[in-house]
Each structure stands twice: as C-alpha cells, then as structure tokens.
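Take a look at the structures listed below.
The two complexes that follow have chain A in common; it is paired with chain B in the first and with chain C in the second.
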Partner chain A sequence: MSLFWIVIRQLAEIEAMATSKKVITREEWEKKLSDVKIAKEDMNRLVMNFLVTEGYVDAAEKFKNESGTEPDIDLATITDRMAVKKAVQCGNVEDAIEKVNDLNPEILDTNPQLFFHLQQQRLIELIRNGKVEEALEFAQEELAPRGEENQSFLEELERTVALLAFEDVTNCPVGDLLDISQRLKTASEVNAAILTSQSHEKDPKLPSLLKLLLWAQNQLDEKAAYPRIKDLSTAALEDPAV
Partner chain B sequence: MPTSASSSAPIASSSVSAQSRPVPQDLVGRLSSSAISHEAKLKALRDIKNQIIGNRTKKLSFLKLGAVPSVVGVLASATATATSRIGCGFIGDDHDLDSIIIQSAAAVGSFACGFDAGVQAVLDAGALPILFSLVSHPNEKVVDAGARSLRLIYQSKLAPKFDFFQDQNIHFLLSLLNSENENVSGLGASIVTHSCETKVEQNVLEDAGVLKKLISLLAGSMIQRDASLESLATLLKENPAAILKILGTEHRGALDVVTELTRDKYPRTRLLACMCLIVVRNSYPSYLQDVRTKTQLIAILLELLDDAGQVGDEAPYALSSLIAGKEDMQKLAFEDRVAEKLCKHLEKGPLQARRLQGIFLALADLCSLLECCRSRFLSLKGLQFITNALTNDNADVQAAACICLRNVARSVKNLSAGIFMNEPVIIPLVHLICDASTSVQVAALDAISNIVVDFMTHKTTFIQCGGLKQLVQLSKSMDSTIRLHSLWALKNLMFLVDDRCKETIFAELTQSTLRSLIRDPEAAVQEQALALVRNIVDGSVECIEFILADDALLFHEVVRQLQCASKTEVLVQGMYVLSNVASGTELHKEAVMTQLLPVRPGDNQSIMFKFLQSDDSRLRTAALWALVNLCLPNFPGTYRRVLSIRNAGISSHLKNMLHDPCLDVKLRARTALAQLLIPDA
Partner chain C sequence: MAPENDVIGSYFLELWRLNSKAASAAATATTSSSTSGMSAEDSEFEEAPTELDTVNSSGGFSVVGPDKLSVHYPNVHLHGHDVGVVQANKPAPSKRLIYYFEIFVKNAGAKGQMSIGFTAPGFKMRRQPGWEANSYGYHGDDGLLYRGHGKGEAFGPTYTTGDTVGGGINYATQEFFFTKNGSVVGAVYKDVKGPLFPTVAVHSQNEEVTVNFGKDPFKFDIKKFEAEERKKQEMTVDNICIPQNASYGIVRSYLQHYGYEETLKLFDMASKSTVPPISLVQENGSNEEDTIYAINQRKTLRQLIRNGEIDEAFRKLRDWYPQIVQDDKSAICFLLHCQKFIELVRISKLEEAVVYGRNEFEKFYRLAEFDDLVKDCAALLAYEQPLKSSVGYLLGDAQREIVADAINSLILSTNPNAKVGKSCLHSCLERLLRQLTACFLEKRSLNGDQGEGFHLRRILNSSRKA
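After this line comes the complex of A and B, so read on.
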C-alpha cells in the first residue's frame, strides 16, 4: 500500500543520510509529508473496504451515494451476511445455517469444519436452554456421524457433550463453551467463510495499514527522533523528544 | 400443531423438534404430491436442501427414499413452465417459479457434492440438460444456482465426458468461459478439467482459444482463478508444445502469474498453483530449474500439509508428484527436512485415510532413490509408522504403507542388518498378500520381494511365518498380475540362499508348477519363472541337480523356451539358466553343449550363434557367459568343446565382438576368445 512505501522510502533516505540518530523537526517533517500525494479515490476505497468488510451496510450505501465510490461487492449480500452473523451471535444457529445455504449452498457443503462448528453451536444452545433430551438426540443423529468421519471433530463433540455431565455448568472444565465468546468465535468463522466465498478479504485493509505505520515508526525510532504518531485515533504528531 | 405456544413449555419440547426438523419421508412425499400448495412445495424443497447440505448421512438417507428423482422432477416441470412463459413473451419477474427452480437446483447440487452415489442418482434422473438450460436464464440467481450445481457434478469422475469434437459444443464451452458470471466461467473451466484427457483434445481446445481464455481467468475471482489453475494443468499435462507456447511471447508472464498465486492468501489457490507448476515441470523438464523456486515449492506444500481440510489432504500427493523419480528434488527434499515434517504429522495422528495414504506415498517417493533419505526416515521411527499402517483398516493406506516399505527396503545396508525380517513386519505383510484388493496384494508382494532379497541368515524367518506357502499359492493365481508379483518374490527369496533352504522352497513349489509357469501365457511371468530357475542353479554344483532330476524335465522346459520364445527378456533369463548349468560338472557342460551348439532341423543357425548376433546387448552378454563357462580351463572335456565351438565358426565372430559398442560384451568376448586359444598354445 502506498502509505507503507512512503514511510519505507523516508526510512531509507534517513538511513543514507546519517549514521548517528538524526533529529527531524516538526517543520521538516510536515514539509516532507506535504510532498506526499495520496489520491482521494484511494482513500475513499479504503473507507469503503472498511465499511463493507465490517458490514456497515447503511453507511456503505450512504457513502456510495455521497462519494461516488463503488463497492467491490453487491451491498445486498452484506445485509445477508450480517443477518447470518447476528443470528449466530443471538444463538439462532438453525436460522443462520438456512441463511448461509440461501446465500450460497456450496459454503457449508465444502467446508466440513465450519459445518461441524455450527452444528456444535446448535448443540451448545440446546444444552444452554436445558433441552437435555433434544440435545442428546441431536448429538447422536447429527453430530456423531461427523465424529466418525473426523477424529478431531469427535474430540470436540465429546467435550461438548461433557457439558451435560455437570450440575453447575458455569464452573465446569468445559464451561467456556457456554461463554458468549464461543458464539462470537463461531459467528466470525461463518462471516469469514462467506467473505471468502465472495472472493473478498476477510479483514479490512485499514487496520493492516495502521499496523504497518506502527511497525515503520518502531523501525525509524532506532535511527531518528521525529514527530511520531502515538494516538492512532487522533493521528496527532507529537514533538520529537530531544 | 401449535408451534409458538408450545415452545416455552418443556413438556412439548419433542413435538417442537419434530416440527422444526420434518421427517424425510413426508418431505419427499410432499414433492411428488400434486395436491399441495406452491408455498408448501417450496418449503419442502428448502427443508430437504437444508438437511442435506454438509451432511453425508442425510444425503444417503434421502437418496434411499428416492428424493433425487422427485427433486429433479420438480426442477424439470418448473423449468419447463418458465421456458414456455419466456417463449410466450412473458417479461418480468416470476418470483415464485424462480424460487422453486433455485431451491431445487441447489438441492440437486448438494446431492452431487462430494458424494458419488448422489452424482449417479442426479445423472440418472436426467438433471444435466435441465441444469444446462438454466445457464441462459434471465434471472442471475437462477443462473448461479444452475452453474454451481453443474460445477459440483463436473467435479466427480462420474460426470459424462464432454465431447470437444463437435463445433457447437466448443462454441458453447467458449460462451461459458466468456461469461461475466464467475460460476458460469468457472463451470467452463471445470468441464475442461473433467473432460480433457487426450493429446488431441488438448490441441482442439488450444486451437479454439481456450488456453488464452483460461490465462485471462487467472486474474478473476477466487472461483475463476481456482478453476482456471486446475484446467490449465489439464491442458499443459505432458504437452511440451503448449508449454513452449505459454512460455513464449504470446502468453508471456502467464506462468509468473501462476508462480505468484503459489503465495496467494487462500490455501486452495496456493495448492492448485503449485500443482500447475509441478505439471509444467514434469512435462517440460528444463523449466523450473533454479533451486530457489524448487525449495519454495517444497516449503509451500509442507506448509499446506498443516491445513485441516481437503487442501491438507491433497498436499502430500502434490509433493509426491514433485519429487517422484527425480533425484535432484529428493536431495532437496532431504535437505529441507521433508522426512522430519512428514513423520511429525504421522506422530501427531490420528489422520484421515486419504491424508495418511498421501503421506506414505510421498515418503515412498522420497525414499525411492537415495540412501540418505531412507536412513533418515528409518532413524525417525519410520518402520514403526509403516508397521502400524499395515494393520490400518483402510485398503489404500495399507497399500501405500507397503509401497513405502518396498522403497525403504531398497536400502542394502538395512536389508543386510535384517531390520525388516521380523514378525511385526512379516506377519501383517503375509496377511496382506491374501487381501481381497488386488492393489493391496500387489503392493504387499512387491514389499516382500525387496525384503526377502535379504542376505542369507534371515530368510527362514519369512518361511516360518508362513510366507512361502502363501507365495506358492499365489503363484498359481488366475490373475496374471498376482502370478507375476508372487513369482518375483519367490525369485528373490531364492536369491543367494543356502542349499537346505533351496530344497524347502523347491519342494513347496514343485517341479511341475515351475514347469507350467515357464510356459505361462504371459511373457512377463515366463521371464520371472526362468529367473527363479536361474537362482536355483546358481551356487554349488549340487543345486544344479535340482533341474536335471526327473529326466531333466525342467531343463528341457527351459531349452524349449530358448527355442521358441520371442521376447528378449525371456531369452536372457533362459540363457543365464544354461550359463549357470554350464558352470557345473563335465556332465552339466555336455548337457548344455548338446542344446546350444547343434543347428536344429528347420533352423539355419545354432541357438548360441543366433544369440551372439542378437541386437540386444543383454542377450549377447548372456550368451557369452555361457560360452565362457563351457570353455573354463582345467576340465577333461574342455579341449573337445573348444574344438566343436571353433568348428561351428564362432571364434571368428567373437573377434568382431571385440569391437562391440557394449562394454560388457567386449569384456566377455575377450575372455571367451582367450579361452578358445589356450588349448592350442
């Protein structure tokens, strides 16, 4: 990405100029930055990429209208994807499965691990709701055959069924399965699979750019004192400590 | 039944579950019923689809209920209705009808996904032409559903072959490949992958511009990229002309794109790109020669092995085809610690059968040529992994373990140390040679063949484990492949064995069986039978008596083959039998003389003369060995034999053989000639 290369180039320049730690004043720094050209369209695309990947469909729609930036994906599919994600987060796993299958039936048919995790989540929800009999029936009918096909699924299944053995599930060794984080984990797995099936990155680009910025600053710290950005949310330049 | 009201009451929980997961029989019944509303039918279709997706067991049970013809029936009638409406000029959305088509096409696709019985049922129900008709439907969602299902069908080997020799088919294929819709162009590429098998087909497709189109799809979506990588490999396989073209100016950079894709973020894309490059390298050896690229390929494939899904299952097979038969690659793999990494996976276990099989095949290829690889693998408890896999319950895994053992047992050092000749290895192997699957039998026989070469001391272990009895049984098999491989093992068992052991083997095998094997209908079997006899008569003078006993019936059987067999390999082995006999006593030498020297009625040359003039250097060498043994000095009859050989005009021919292009022949000819001169001096 362009921002990354700009920082790298500056880094190389500085390396060439000085062997000892060089001090760069705010004026020099701002002057250098003002020489760097970044296209507005690139910025817009980055923002659109963030909105789309994170699933802010209304915002993406508005942003599209106001900035004229075309998203690289059909916005309607974002709504569908967010609905799936939300369904898992709320524990409506069956509903989520049906929605994924409507979106693209290939996803769960060709991704046994994801399918198993969704079924496992369904089992967890049944246990959470105290439907012991139904949970056992479901585990036996739907999950046991998957365990036969795959050893690691069997181990996960055993761990899940173990929930039924404890009176106080919140304090048992497998209690983490009932945690809300388990739902979030499953939800993000489905989300990533849907994005992959749409040839879309599963992570937005903006965080990676910021990671690159931090990394580049750390590299630069060894060579020079300069106005660095400490607070990413304000992106304020702080005066170099001399 | 009230659903919402009862869901909170615990007592009604089972009825709730019945409601939310409808019984398969009812669902299938609803599809074929005419007295049912549109909505109910659509719901039944969706329910079936949602139950079978990702669930093999459910696919099978619905299949058994006859669901596939019912679903295809619904698809057919909905498609027919839609077609007639479009034909009548109906414009606009027909949402209900489209939904039925989409749901039924999706269900059909799921039945065909990774499930051969399902593919067969779908094909039998006549779904293929209906699905193809959906590809040109005005509703993009319908097109998606149809193309997706077709892609899944064409991933199975059961799908019918697409005929590329008809112009309208090629046009249709190009229209698929040119489609903007990724599922449709992906379908086009999948059809190429599935149906292009011969060189002629490769050429037809290339001439039609398919190669060019596929290269352009490499820049497309993930579906297009993956499908294109696979079909590119199909078009380039063993096709150096096309590879030259792709390396040339017109498609410059195409392989750079593929190389770039080996570092793609999707594991499946990485794997397919690697496989494509491997095909190019294997079909066009001067490509991909720099060590860095080769090392990178190995590293990528090893990393893909960590993938928990299908990609990880397939990675070892790609690794296998990268290193098979190529010493340079195996050396690199050795340096890149491939053995260590594969063994780590075996240790971590338990693994799925497909993956386990692949890992053993990759290890087999790794150990096929280089001793350093074999000893590294053995030092990593390799033999333990193999013996465990020999008792695996999957036939493919057993066969792969046998193939790996066969290659590891090429290690002369470990063979002579006798590390393979022990019960934990031999007992399961002897068990496997009687397996129901021929491929397992053959693989186990080949492993035994190598192990029993063992030098001297350990062969009795094999016989004590019942191996000999089984091999002899199998040498009488109706299946010529089994006869061949069991005989091969018996031959190796007979190699450099002491006389007492020879007697045991010979007694078990019997002279009459051996005779019938020498005149087996298969030349390859004859060759092994003669090679076995050659090993019997190799060694002490006493063991030559084995084939001269009983009126020398066995000996005459060998001679008969020398007179009438046409295959050089058979003649070579027969000649070595006689050569070994000629190394024996005066009596033995005379027996050989009377067969090799005289010109038989109807022939214009003696056997000896004919073979000395053979085009095949192996046969010339064998004949010279016999000659050398016949004229060994210090035997009472040597002078007489030398005279008859000279009189037969052989010595002048031997002088010509001093200039033979084959070094071995040259050397033996010189020895023979020297012997023929001695008595005069």
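After this line comes the complex of A and C, so read on.
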C-alpha cells in the first residue's frame, strides 16, 4: 500500500475517533469499577513487595505478623543489604565494599561498572575530606588501571580527579560529584546489584503499576471520555470534560 | 442502624460469596481448563486453534490429513478459483499480546504455490489468502505479501520444500508478522478488526504442508519475541513520570486504612531515618486526623479476629461501637456468628458448634441474603476432614480477613469526619488498582476485544529482573 493510502486511512481513523469518542458517565464508570475484583491478598503482597524491596525490614516483619503475608525474600538479607546501602550513603565506601564481598563476592566480580563506581565514590570521599595525597595515590594505583580497560571509566576518572584542581570545589564545573545525590546514585546502584544477585527485582512493583495506570488512562483518553484519576495520592475520580 | 451499614455489610457478604461453594462450582463448570483463581481471570479464557477445520474447507481441491494438521493438493490446478484453502478450527485468540502459528512445507509440489496467512470468517474458500478483502497472505512462490487484492507487495524471500514459515498477530502494534526458518521476515499493518482465522493454502500438484498450532515447539523463538515486545511497552510506560514518594504515600495510607498500626509505626520510624528523610506534603492538617481514625481499636479487633477470638471481638465491639452490632440480624453480626461457628469447627468442638449454630443460625435461615452462606457453614459438619471439603475455604485465612475487613470498614464509617462514599470500603491503593483494571478492560472493549487485560496476580507472580 502506498504511503498516500496509509495517510488517508490514518486521517479517516482520526476523524472517526474524534466524532465517535465514547462518553462514559460517572455512574456507568462506577458500575464498571465496582465489577472489578481486587483480592485483598494481592494488595497485601504488593505492599509487602514494596516494603521488602525498599528495605523497610522492621516494617516488613511486622506486616508479616499483622497481615499474614509472606515476604518474597528472606528478611535477614534485607538487613545486610540496607547496611551496605547506608554505608555508601554515609560515605563509608571501603566498609560498603567489604560488606558486599561478605554477602557475595560474585557481585563485584561480575559487575566491573559497579566496582568502578564504588572506587570512584571512595576517591570522591577522599577528596571531600581533603586527603589530597591519598587521593592521588588511590587514583593512580587503583583507578587508572581500570580506566585502561574501559574508555568511559577513564573519562569518569578524569572528571573526578579534576575536583583536585579547584580551590572552591562546590562551585566548580564538576562540583556535582560532591553532592549527596552522587552518593545516593552509587548507593542505589549497589542496592540494585545485590537484589539482582538474590534473584529479586531491583525495583518495587508499585511505582510501575502507578505508571501503568497513567499510561492506560492516556490510552483510553484517545477513545473515550470517562472519569479519570488525576491525583494518585487521593485516587479521587474527576468527571470527564465533555 | 444506618442504611449505609447495610451497604458495607452486603459488600463483604459478596466478597465471601466469590469464594463460596456455589461460585467455585460455577467457575469449574464454565471453563474446561479450570485454574484456581478469581472469576475475572476465568473470563479471560479464550479457545485457541488446535487443528484445521475440515467442515468448512474448500470443496475437494485439497485433502486434510487424518491428524487434521496437514493439507495436501492431489490434483493439477486449472485456474485461480480452485485453491486448496483451509482455516483453523478457531479464530486466533485476541485478548493477548501475540498470537502465532507455523507451517512446514513438506513438499512444494509442482509450482510451490503454498501460502500462510489470516482470513476473516466467511472467506471465499477457493482463493489464496490475501487475494480477497479482509484476508492476508505471505506466498511461497513469489515471497510477496497479499492483502485484500490480487496484486502482491514486495515483502520477503520465497519459501519451498523444507522451510518452516510462521504467521503471527501482534495486538499491541496492530501488525501481522511473518517468519521464515526462525527469523522475522517482516510485519504489516493490520487494518481489520474482528476475528481472524489462521489459514493455509496449497495450489499445485503434490504440495503438502503441515501446521503447528503450538503443540510442538516452534522454530521461531516466540517467547523471546513476546518478551521483547513486552519490554518495548514497558519502556514507554517507564518513561511516564509520577510524583516522587507517590508509592510511599499510597503504602502508608493502605496501612492506615486497614489498621495495620504496628507496621505503620515502624514504617514511619524507618522513613524518618532514611537519607534523605521522606516527607509527605500534608495539604491540610485535618487529613492526618481523619485517616488514622480509631486505628488502635481497629488493630485490636483485627488481631482478635485473626486469632479466632470471636467472643472477645464481639465484646469489644459492644463496648466501643454498640451501634455496629446493635441489630442482631445485620450482615456484620451474621459474619461474626458464622466465624464463631467456623472457629469451633476448626478446633474440632463439633458439639459446641452444633449448639451454637442452632442458637444463632435460626434467624438467618429464612433471609435470602444469608441463606446460601449459612448452608456453606453448616456443611462443615458433614465432613471428617472439613479442610479438604468443598467448604474448606471457610477455614482459610481469607475468611477471617473478610470478617476483619468488614469490621474495619464499619468502624471507619462511624468517623464523623469521614468523607461520604466508598472511602471506608476501599483503600486508595484499591481504588487505583480498580481504575487501572477498568481502563484496561474498557480500552480493550473499544478496540474490538484485542490486547491483554490487566491482572495483578499475574504481575505479582512474574519477576522482572534487571
């Protein structure tokens, strides 16, 4: 079929949709909503999955008792994982590396990028603490050889070492490396790697379901006017604009 | 007693009814391949093609083998209206992401004019798929794709004896796709809605083709293809922005709604110590007051029910919320009496259960609203091992949960500041999930019943790794 006909067909479809967009009243929509069956057990599992993946170990333990929901991971492993995460968040990178290796030495062996980012974070912490000589030595001995293996590592290393060249690091072009967000980024990378090594998903399911809801509403918007949920935190239905 | 309480009570009776003996009997009767699960899941079941249709096949030009999975053209073809076309016995199922089937060319015959494709019901059974309106075909002799008329478009390679060729529908992209020997040949826009039959055709002497509707492994890695298509969709969805901490807030309000007080405490404590600490913007101060209304009492009652201490729960309710249990014929009293009876059966105090039932069930027997459920309860007495019986579900955690949730909702409804409506029935999370499910269903029904539904259970059971 020629492009011309494709365009004509699509135009016809758009026109048809514009004129025949179905209007679903609040009453009709609420009837449809009430026909949906959501099992309590499934919601409990969804909440448990969030608690476990996000590392709320104590809350997960209690939730198990209060709701009778079994976690999909050994709760003891959460404590270890959170200890690693916390260590990175607080800047104790050496400590974090040691803990990861205690947990499972394969995690860093099989993730050169993660290992590099942890070492980079360690360098950042040395620079933050004004340990210039130690930082230089660490960069040259530990990080530079890794940079030879991988071009992007080398660029990252150069960017990080550049921190040493500025008097006022917070306002320099690479100052973002010293920001708390850099620690959080590294911490969540380690967190994800540990979860993956435990055959668990690295992200909780709930946020992707919320995204899926917004996506589904957008899709349905093309075909119908119906009560939508705009504010996820209240889940209030808003009447369709007709 | 406020009529509102009846609404709440009846709601939980309906939840119970979904698990009841009658409901599960109905579910197994309607679907041949019964899987335990929600009724919504069962309605998704679609029959898929399993063999070739021998009734509605082209009048004698081709011969379908006795296994109904092969087709053969014994004669010399004379013109364009003696094609040996065979449709599958069922149309391609559409409430899914991908449908796919394959053919194997056993013998390309005199001219190698076999083809694979999809045709609408009522297709003229003497023509090649693709030659007529609402039909699509990938032809072996010229490698062209035909859709709707006798002139083909450049598409892919030709195919002949020894080749495996596949035809599929991608419902997400609204495309047909074809494969040859395990690789995708190409895809083409599907501009027709409604049922489509997998179709094969043979049209020169001695052509023979076998069909695989999935009974044998496919040559093409359809699982991988499907996973990649799903990944593409997920990427689009992943790019959508949601407010930071949205999930956090929803989890928190869930814990509040159901009165999981202890969990909530630890959850709040932990979120204060995270880096950076999570703070929820409270739009107005009164909001907080409302949502954790009576949380301690709700927690206590839930624990009592979960532990099977029904007498104590009754006592506490009479103390704290006499209005809820005032009417002894209300749904909530019915739920509690039944649960008490169930707990007695659980600990094998059958004689006591009989006495209790005689005293309490009498008044519910003749009320249509309760009749079937009373019978389920009473039936527990008939079995030596009630747990393994058709009413064994009553002894499960889910039954206690229904009672506990009913009490929770009724207490929430006594909150003078509660907003009217269903907020005492459904948590915010539940309302979001209902909206999500309804959107998927509506979207599909406006799209000619094509595409996947949303199933929380399926998502929970799948693990999507990095």
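What we mean here is this: the second predicted complex is superposed on the first by the 223 of 242 C-alpha atoms of A that agree within 3 Å, B and C clash if a C-alpha of one lies under 4 Å from a C-alpha of the other, contacts with A are read in each partner's own complex, and residues count from 1 in each chain.
In this section, contacts are C-beta pairs under 8 Å (C-beta built on N, C-alpha and C of every residue); 3 or more make two chains touch, one makes a residue touch a chain.
Remember, it's a predicted structure, so these values are computed and weren't measured experimentally.
Superimposing the complexes on chain A yields a three-chain arrangement in which chain B and chain C clash.
After overlaying the two complexes on the shared chain, residue contacts for A:V190 are found with neither chain B nor chain C. In the superposition on chain A, no contact is made by A:A96 with either chain B or chain C. Touch criterion met: A:P112 reaches chain B, while chain C stays clear of it. Of the two partners, chain B and chain C, it is C that touches more residues of chain A. After overlaying the two complexes on the shared chain, residue contacts for A:Q151 are found with chain B alone; chain C is out of touch. Legend: residue contacts after superposition of the two complexes on their common chain; A:S199 is shown touching both chain B and chain C. Using the contact criterion defined above for the overlaid structures, shared-chain residue A:L123 touches neither chain B nor chain C, since it reaches no partner. Of the two partner chains, chain C is the only one touched by A:L232; chain B is not. Taken together, the two structures place residues 196, 199, 201 of chain A in contact with chain B in one case and with chain C in the other. Within the complex formed with chain B, the residues of chain A that make contact are 94, 97-98, 101, 104-106, 108-113, 115, 130-131, 133-134, 137-138, 142, 145, 149-152, 196-197, 199, 201. The touching residues of chain B, when paired with chain A in their complex, are 10, 13-14, 16-17, 20, 46, 49-50, 53-57, 106, 109-110, 113-114, 148, 152, 182, 221-223, 265-266, 308-310, 350-352.
Residues of chain A touching chain C in their complex: 1, 6, 9, 22, 24, 29, 32-33, 36-43, 45-47, 49-51, 56, 58-59, 61-63, 65-68, 86, 89-90, 180, 184, 192, 196, 199-202, 204-217, 219-220, 223-224, 226, 229, 232-235, 237.
Of all residues in chain C, only 18, 38-40, 147, 153, 189, 191, 234, 236-238, 240, 242-243, 246-247, 249-251, 253-255, 258, 260-263, 265-267, 269-271, 275-276, 299, 302-303, 306, 397-398, 401, 405, 427-443, 446-447, 454, 456-457, 459-460, 463-466 touch chain A in the complex they form.
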